C-alpha cells in the first residue's frame, strides 16, 4: 500500500482537536445536555482513537530516525512526542471514565469534556512542538482550559480559590516564559529549535541569552510544578474536582516536562550552550523540589493535599532526568524520567481518582475519614494501596522499576549525591504514603459511614489504572525500551 | 534610527512595572492588567528584534501573543466573576482558605 | 522451569486464598502451602547443582534465563536458579511457611482469608529472594517481601502494631535504597565490561578486576564505598547492632505466625545477601574491613544477649536472642573459611528452625495465658506439659545443646573463625563464644520463672493443654532440629560444595 | 574382635530406655523403670564383656559416624575402648544399674508422679555418660559432656513444682556451662592446632603434641607461641570444663545445691559418674597433660586445696546429704591431686573406689531418708542402727572406706594418691604443699564421716519418725549390699603397700592400665612425666605415709567419737563461734557468685535502657525531626497568592543573580 501522507503523523493531535469540536457542536445542538453516555462516550472514543493512533504510529516506527517534521519544522512527530501523547491520552481516557460518574447531574458537561479535549490537544501539540512559538501557543492552549476546569465547581469556594491562584500564577509564569522566549529570539533571531540551536553559539550576548534561558526554564517549571514555581499546585490539586486534579497532576505535568526535555536538549543542547550551566539549574531545582514536596507532604492531614505535595515531590525525581545530563548516561537518565512519567501517569491518576471516588461517596478528605475503609470497599482500597506503594517505590507497581532505574542512572552519571538526596526523600515519601494504607486497613472504622453504590465508571478507571500499574512490572520493557530510544534520538 | 538596546530597556522597564503591579496590588483585575503589561513588554521585544534581525517571525508571533493574551483575560475575567460571587469581592488576598 | 512452578504455586495459592471465605481459609492455605513444600523437596532430592552460583564453574540447578528488560546498554533478565547455598534456604522457607500457617489457626480469628493470602504472598517473596540471580528480579522480591509483613504486623499485631509496622517498613526500605546505590556504583563502575545486571556476571567481572573508575572516583574507593553501603543496607535486615532496633518492636507486635516467618526466614535474607554480595563480590574489601566487621559481630552477639537478659517479655527475649545468634552468622561470614562460611549458612538454617520453634512456643503459651510477661506466670509445666517439653527442647537447642542444629551451626562457626586470617580472630571468637553462657543464663531464667515452680497466673484465663494443631508445628520443628543436629551433612555437604569456590580468591 | 561390634550398644541401650520411658513410660507397669533396669543391666554385661576382651590384650579405636568432612578436618563420633575406658564403663553401668533398682524403692514405692520423666532422665543420663566414656575424640566428648549437663538439669529439677529444685538445676547448669565455655574454646583450639582431636593413635593430638615438644612441629600450628606455652593454654582451657563438672574450687558451688534432686540422682550423677566425668577427661587425655608441668602443678594444687576446703565445710553441716555432697567435692579434690602429681593410676584407682563407696553412702542416705519420711536433718535422727541394720552396716562400710580406714577400699586408693603426692612433692615444694593440704583433709574426713554416722545411727532417737522409721524393701537393700561388699573389697585390686612389703605381685590395677594402645598407657605416661614434666619420684617406702594418713583418719574419727557418741550428743559446732558461721555459709562462695550474676543482670538492664533510650532514641529522633521540619517547611505556602507571586519572582531573581555571577554575564 502507498505510504501515508506526512500529516497523518499528527493524527493524535488532530483527532483530539476534532473530538473537542464535535463536543462543542453537540453542545450547540442540545445545550445543557445531561446525556452522559453520549458526551462521555464521544470523548472516550476520541481519546482512545488518539491513543490508538499514537500507539500505531509508534509501533510502525514513525518516531524513528528523527521522526517526521511538518509545517517547516514547526511540528516534530518523533518517538518522544508519541510516547508522551500516549501518556496524555491514557490519562485523559481514565479521567473521562471517572468523570462519567463524577459529573452525574451536572450541567455544562459538554463544556467540561470539550475543555478536557482542548487541553489534551494542547498537550499533544506541546509534545511535538518544533518551535518556541508553537511551544507558547500550545502552552496557552493547555493552560486556559485548565484554569476553567479547575473552577468547574463554580459555587465551591475551594474550587474558585484554586482556579484563581492557578490563573494568577499561570499568567505570571506565561508572561515570564514569553519574555524569555522574546530574549532568545533576540539572541538567535529565530524561534525554530534548529534556528535557535544554529545561531546560539556565535552570539556574544551571553547575558541576554542566559536570562532568556532561565526565564524559559521558569515557564516550564511552572507547568511541571517545580519549586519555586509550584505554589499554585497544592491549592489547585486540592481545590479542583477530583478527576481534574488527577488530570493536572499527571498529564499537565508531563506536558511541561516533554517540552522542557525537547527545548533543553535540542535548542539549548549541552554541547551548544556552554555559557549557561542550566544542568546545574535543574539540579538545584530537582533537589529543592523533591525536598520541599516530600517534607511538606509528610505532615498533611488532608489526603488530597498530601497527594498534591507528593506530586510536587515526584516532579523532583523526574527533574533528575535533566539534572543528571552530561554524565555519560544521558539517554538512560532521560529515558528513565520519561518512563517514570508514564508509570506516574497511571499510578498518580489512579490515586487522585480514588480521591474522586471518596468525594463521590462524600466521605471526608482527612486520613481519619478513611479509617477502616478497607473492609467496606476492599477492591478500591487494594487498588489505592497499590498506587501508594508504587508511588513510594515498592514493587507492587511499575513505579518501583522506573524510580530505581532513575536513581541508578543518576549514580551511573556520577551524580551520586543527587541520588542520595532522592533516597532520603523517597524514604520519607514511603512514610506518608503508608499513612493512607494504614488508615484504610489498620484503623478501625469510625462507625457512621455508609457506602451507597459502587460507581461503574470511577471503579473501572481506578481498577484499570491499578491493573496497568501492576502489569508495568513484567511489561516494563514495553515502555522502557521506546523511552530510551526516543531519548537517545534527542542527542 | 533607534538602536535596539533602547527597546530592550523599555520592555525591561515595562516588565518590571507589571511585576511591581502584581506584587503590590490586591485587586484581581489590576493583577490581570499587570500581566497584560508584562506580555506587552515581551511583544515590544519581539517586534524590535524582528526588525533588527530583519525577519518577520517576531512580528507574526507578537500577533499570536496578543490574541492569546486576550483569551487569557477572557478566562481570567470569568474566574474573577465567580471569585466575586463566592468571596464577595475581588481582593485576591481574601481567597486564602487553603494553605500550608 | 520448576522454580517458576514453585513461585507460581505460592502466588496462585495466595490469590485463591484471598477469595476464599474466611472459614475455609485456614485449610485452604495449608493445602496451598503444601504444593510449594512438596515442590521444594522435589527440587532438593533432585538437586544436581555444584559449585557456587556466582562464580565460574558453578553448575546451577533448575536454571532459567530469559531477557526481561533491555535498558539501553544493559539487559535485565529473568534469571533464576539454585546452588548449594540457596537450596537449603528454599527448603527452610517452604517448611517454615507451612508450619507458620498451622500456628495461625488458633490466634488468627478475623479477616482470615486476607491473613493467609498474605502469608503465601510472603512465601513467594522469600523464595524469590533465594532463587533470583538477576539483580532487579532479586530486588523486586527483596522489596515485595516487606509489604505482606507490613500488613501482617499492622493489621493483626499487638497494641503498638502501627508504630512497629511503619518502623519496620521504613527502616528496611531506607536500608534497601542505600544498598542499591552502592551496588549501582559497582555496576556502572564496571562500565562496558558488563552488559547485564546479572549478579553472577557482575561478581565474576569484579573478581576479575574489571572495575573501572566512575565519575573520577578510583576503583578502589568505589569498591570500599559500595561495600560499606551494601553492608549497611544488609546489616539493617540481619540485623546487626546498632541498626537493630526495629526488630524487637516488630517481633513483639507481630502475630505469632508473622514472628515465626520474620525470625525464621526474613532475617536470613540479610545474611544471605551479605554472603552473596559483600563476601562473594568484594572479598578483598571484606578482608580489609574484617576486624571491624568481626567487632560488630561480637558486639551483636554479646550486646544482643545482654539485652535479652534484661527482658521480661518472652517474645522480646527470643527477639533479642535472634540478634545475638545472627551475630554468630556474621562472624562465620567474616571468617571466610570453609567452616566459617559453611557454618554461617548452616546457622541460618538452624536459627531459622529454632527461632521459629521458640516463637511458636511463646505463641502457644500466649494463646492460653494471654500474657507473655515472665512475671505474670509460673508453673505452666503443670498445666501444659507437652508445650513445656517443646519449649525446653527449643531453649536448649538455642543454647547449643549437642545433637541439635544450633550446636552444629555455632560450632562450625567457632571452628571456622577461631583461626581465620584477620587480625585478632582468636580473641573475637573467644569473646563471641561467651555468648553461649549468657544465652543459657536468660533461657534458664525464663524457663525457671514461667514453666516451673508453683502454678500461678496473673491473667484470669483457665490454662489447659494446647490443641493438637498447635503442638504439631512445634513437634515437627523439634524433630527437624534434632535431625539437622545429628545429620548435618544432609545440607552441609552441598553448602561446603558451594562456598568452597569462594575461598579461591580474595581473602 | 566381635565383642567390639557391640560397643555402641553399651550407650545405645540406655538411650533406647530413654525413648521408651519418655513415650511409652506412662503405659508401663513400673513407668519405665524396668526398661531402664534391663538396658543398664545389658550395658553392664556388655561392659564386662569388653573388659574381658580388653584383658585379652585387645583394644578398639574406630571412627563410626562422621558428622561433616570438609577439607580441613572432619568431625566424627568414634569409639575408643582400652583398659581405662573398660574400667570406667563397668563403674558407670554398674552404678547406673543399681541406682535404677534403688529408684524402684525410692520413687515408685513412694508414689512419686512423673516417673516416666524420671526414668527417661536416668536413661538419657546413663547413655550420655557411657557415650562420653566411649568417646575417641575430644569433640564427641564435649558433646556428651553437654548432654550430661542437660540430664543433670532435668533430674535436679525433677520436682519442678517446688521452687528450690528448678533454681538449683539452673545453678548447676549455669556454673558447669561456665566451665564448659573454656572447654569448648579448648576443643576449638585443639582442632585448629592439631587438625584432629582424637585421643589415641599415631595421629592423635596427644601424640602430635608430644612430637611437637620433642622438636618436630610438623603441621602443628601454635600461632607463634612456644609450643609449651600454647599447649599449656589449651590444657588450661580444657581444664575449665573439668573444674566445672568435677566441682573443683571455685566452680564447686553448684554441687551442694544439686542435692535438691532425688537421692538416687544424687548418687548416680553427683557422686559416682557425672562429677567423675571431669576427672575421667583428664585421665583420658593424660598423655597431653603429662607434657605440661605447670598445668599439672595447677591441677594438683587445685585438687589439694579443694580436698581440704570442702572437707572443712562438711564438718558443720546438719543435713546428711549436705555432708555427703561436700565429702564428694573433697574426694574429687583427691583425684585431681593424684592426677596433678603424676599419680595417674592412683587417681583412677580412687575414682573407682570412690564411685562405689560414695554411691553406697548416697543410697544409704537415701534409705535413711525414706525411713525418715524425707527429713534429712541428722539432728532429728539417731538410733537408727537397730531399726535398719542392713542400711547401717553397709553405710558403715562406706563410711570406713570414705574415711580411709584400713582395710577398706578408700584406704588403699586415697593412700596411694597421697603417697604419689609425697614422693613427687619431695622434689617440688609446690606439690608438697598440695600434699600437705590433702593430708590435713584426711583428718577432717575422718571427723565428719563419723560425726555423720554417729548422729544418724547411734545414740537415742531424737524424733518421733526416728523412733519408728518407715521400712525399706529389697530393692533398696540389694544395691546397698552389693555396693557395701564392693566398698570393702574394691581396694584389694591394688594394694601397693602390701605389695611393697610382701613383694607379692598384686598391683592388678597398675598392670591393667599398663597395657593397651601405645601412647595411652600408664607406663608411657610415666615416661612422659619424667621426660617432659621432669617429675622425679623420691625413693620412699609406702608404709610410713600410709601409717601417717591412717593415723590422721583415726584421729579424726576418734575426735568425732569423743564429741558425738553417747545417747544424746549435744551440738559442739557452736564452740567454733564465728568460724561456724563462716563454714555454714560455705566461705561465702555462693554469695560472690550470686553477686556476679546480679551484677551481670544490672549491666544488662543498663544496656537495655541505653538501647531503648539512645540507639532507638536516635532512630525515633530522626523521624520526628524530619516530620517537624516538614511541618515548618510547609508554612511557606501561606495561602495568599501575592506572596506566591513574590516568592516566585524572588526565586527567579535569585537564579538569575547566581547564574549571572557564575556565568559572568555582567
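Think of it as A, B, C and D in the order they're written, each chain with its own count starting at 1.
Going forward, a contact is a pair of C-beta atoms (placed from the backbone, for glycine too) under 8 Å apart; a residue touches a chain by one contact, two chains touch by 3 or more.
Everything numeric in this text was worked out from a predicted model, so none of it was measured.
Common neighbours of chain B and chain D (chains touching each): A.
Simply put, of A-D and A-B, more C-beta pairs touch at A-B.
Nearest to the global CA centroid, when each chain is reduced to the mean of its CA atoms, is chain C. Averaging Cα coordinates per chain places chain B and chain C 64 Å apart. The mean-CA centres of chain A and chain D are about 78 angstrom from one another, to the nearest whole unit. A separation of 26 Å divides the Cα centre of chain A from that of chain B.
Taking each chain's centre as the mean of its C-alpha atoms, chain C lies 37 Å from chain D. Among the residues of chain A, those in touch with two or more other chains are 164-165, 168, 172, 176, 234-235, 296, 431. For chain D, residues that reach two or more other chains under the stated contact definition are 623, 634, 637, 639, 641, 645, 649.
Shared interface positions of chain C, defined as residues touching 2 or more other chains, are 170. Working note: touching chain pairs come out as A-B, A-C, A-D, B-D, C-D. Taken together, the chain B residues at the contact with chain A in this complex read 4, 8, 11, 15, 18, 22, 28, 31-32, 35, 38-39, 41-43, 45-46, 48-50, 52-53, 55, 57-58, 61, 64-65, 68, 71-72, 75-76, 78-80, 82-83, 85-87, 92, 95-98, 100. Residues of chain D that touch chain C in their complex: 66-72, 75, 142-144, 146-147, 150, 153, 157, 160-163, 165-167, 169-170, 173-174, 177-178, 181, 184-185, 188-189, 191-192, 221, 223, 597, 600-601, 603-605, 607-608, 611, 615-616, 619, 623. Touching chain B in their complex are the following residues of chain A: 133, 136-137, 140, 143-144, 147-148, 151, 154-158, 160-165, 167-168, 171-172, 174-176, 178-179, 181-183, 185-186, 189-191, 208, 234-235, 238-239, 296, 305.
Listing the residues of chain A that touch chain D in their complex gives 164-165, 168-169, 172-173, 176, 206-207, 210-211, 214-215, 217-218, 227-229, 231-232, 234-235, 275-277, 280-281, 284, 291-292, 294-300, 309, 428, 431. Within the complex formed with chain A, the chain C residues making contact are 68-73, 111, 136, 139-140, 143-144, 146-147, 150-151, 154-155, 161-162, 165-166, 169-170, 173-174, 177-178, 180-181, 184-185, 187-188, 214-216.
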